[in-house]
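Labels for the chains are A, B, C, D, E and F, by order of writing; each one numbers its residues from 1.
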Amino acid sequence: MPYVNIKVTGGAEAPTTEQKAELIQGVTDLLVRVLGKNPATTVVVIDEVPMENWGIGGAAVACRRQQRC
Amino acid sequence: MPYVNIKVTGGAEAPTTEQKAELIQGVTDLLVRVLGKNPATTVVVIDEVPMENWGIGGAAVACRRQQRC
Amino acid sequence: MPYVNIKVTGGAEAPTTEQKAELIQGVTDLLVRVLGKNPATTVVVIDEVPMENWGIGGAAVACRRQQRC
Amino acid sequence: MPYVNIKVTGGAEAPTTEQKAELIQGVTDLLVRVLGKNPATTVVVIDEVPMENWGIGGAAVACRRQQRC
Amino acid sequence: MPYVNIKVTGGAEAPTTEQKAELIQGVTDLLVRVLGKNPATTVVVIDEVPMENWGIGGAAVACRRQQRC
Amino acid sequence: MPYVNIKVTGGAEAPTTEQKAELIQGVTDLLVRVLGKNPATTVVVIDEVPMENWGIGGAAVACRRQQRC
């Protein structure tokens, strides 16, 4: 019954469809293995966040990637 | 003062503008009726999640809908 | 397959077990009725937030309730 | 190590790149100043929510802005 | 730089400290392996949700576990 | 109308009531100043996360603080 939300940077860094499928399967397997959860009711939601909307160290990732910050 | 976040699949399965308005009104009414909350400060946010970003049973909904998983 | 998160104030204002059950059933029914979603995979999570951790209008609810703010 | 999520209305009301940078820096500075947190591991994610997906007072903002609700 | 939030049922079903450590390490490894993310800035937050606050199929887990629903 | 969620470590590192009030006022002021938002409908929710439930670099903060990881 777990619910998992994974947020990663999108745009040029967005995961491919295959990578998303791997994340969904991988985290579901982890919850089954570690906690014995039922995969049928394990929900995973992946959010792709634009790089100018994601901040770390006080600056947007968009800015950091271009070494402007 | 409640805050409600509703996540549903988007894309071909995205709710229409009218359906979103019904969800917003319905969940606000529910909080007023059950808990006596003030609707003026009840916030509802609806997120539409792409079907390849939503997993259940270890596979993406996009994959399940096409019966490839 | 929807996921719903409801945040309300807790502590002295926390919903009872019966009220939580009503919220869970009410919001699930709403998603079935408006969007035709499958209730078996509709997940609802209720968070009870301490009144000093919830702010509106720039002040904590704990403070507003005591008319100190 | 804090994590901050800021949700604002998007579309015509979306913040500019400069405003997002100000929000990221401002909230990071606040956590450093008030709680002594390490900015290097302070994460900020800004979500822009379409106006028809944001409800308050039982109606979508899209509807309220046009004074139809 | 990813952020992962894992919600599971708490109380009698709460994960142990060791299980939480396994979840944190497992999901961080997954993001490193699949997406090449930097583990140093990968944040994982585990929420333990009381069973009467978690609904599925229109009823609280607390109720379902006792086969009253 | 913004909604802000701030997650910080709790327990021995939990913010005091005064610090929470400063965070609520500070982030509300920031949204008013940068985006011209209405403070009356700006909602802030602070979550205090137990240190064994917060992971970074693949290990729980509880473990890192004790230099066991």
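Brief remarks follow.
Everything that follows uses one rule, which is that a contact is a pair of C-beta atoms (placed from the backbone, for glycine too) under 8 Å apart; a residue touches a chain by one contact, two chains touch by 3 or more.
Protein names from UniProt, one per chain: A, B, C, D, E, F = Tautomerase.
Not measured: the values here are computed from a predicted model.
Touching subunit A (Tautomerase) and subunit F (Tautomerase) together: B, C, D, E. When the C-beta pairs in contact are tallied for D-E and for B-C, the bigger tally goes to B-C. Greatest centre-to-centre distance from subunit A (Tautomerase) is found for C, with centres as Cα means.
Think of it this way: of D-F, C-F or D-E, only one pair shares over half of the A-B contact pairs by residue number, and it is C-F. Comparing mean CA positions across the assembly, the chain most remote from subunit D (Tautomerase) is E.
As a whole-number value, the distance joining the C-alpha centres of subunit E (Tautomerase) and subunit F (Tautomerase) reads 19 Å. Chain centres here are Cα means. That of subunit A (Tautomerase) falls 25 Å from that of subunit C (Tautomerase). Residue positions 1, 3, 7, 23, 41, 43, 45, 54, 56 of subunit E (Tautomerase) are each in touch with at least two other chains. Applying the touch criterion to all chain pairs gives A-B, A-C, A-D, A-E, B-C, B-D, B-F, C-E, C-F, D-E, D-F, E-F. Against subunit B (Tautomerase), in their complex, subunit F (Tautomerase) makes its touches with residues 1, 3, 41, 43, 45.
Residue ranges of subunit D (Tautomerase) in contact with subunit F (Tautomerase), taken from their complex: 1-9, 15, 19, 22-23, 26-27, 30-31, 34-35, 37, 41, 54, 56, 61. Subunit C (Tautomerase) meets subunit F (Tautomerase) in the complex at residues 7, 49, 52-60, 62-63. Those residues of subunit C (Tautomerase) lying in contact with subunit E (Tautomerase) across their complex are 17, 20-21, 23-25, 28-29, 39-48.
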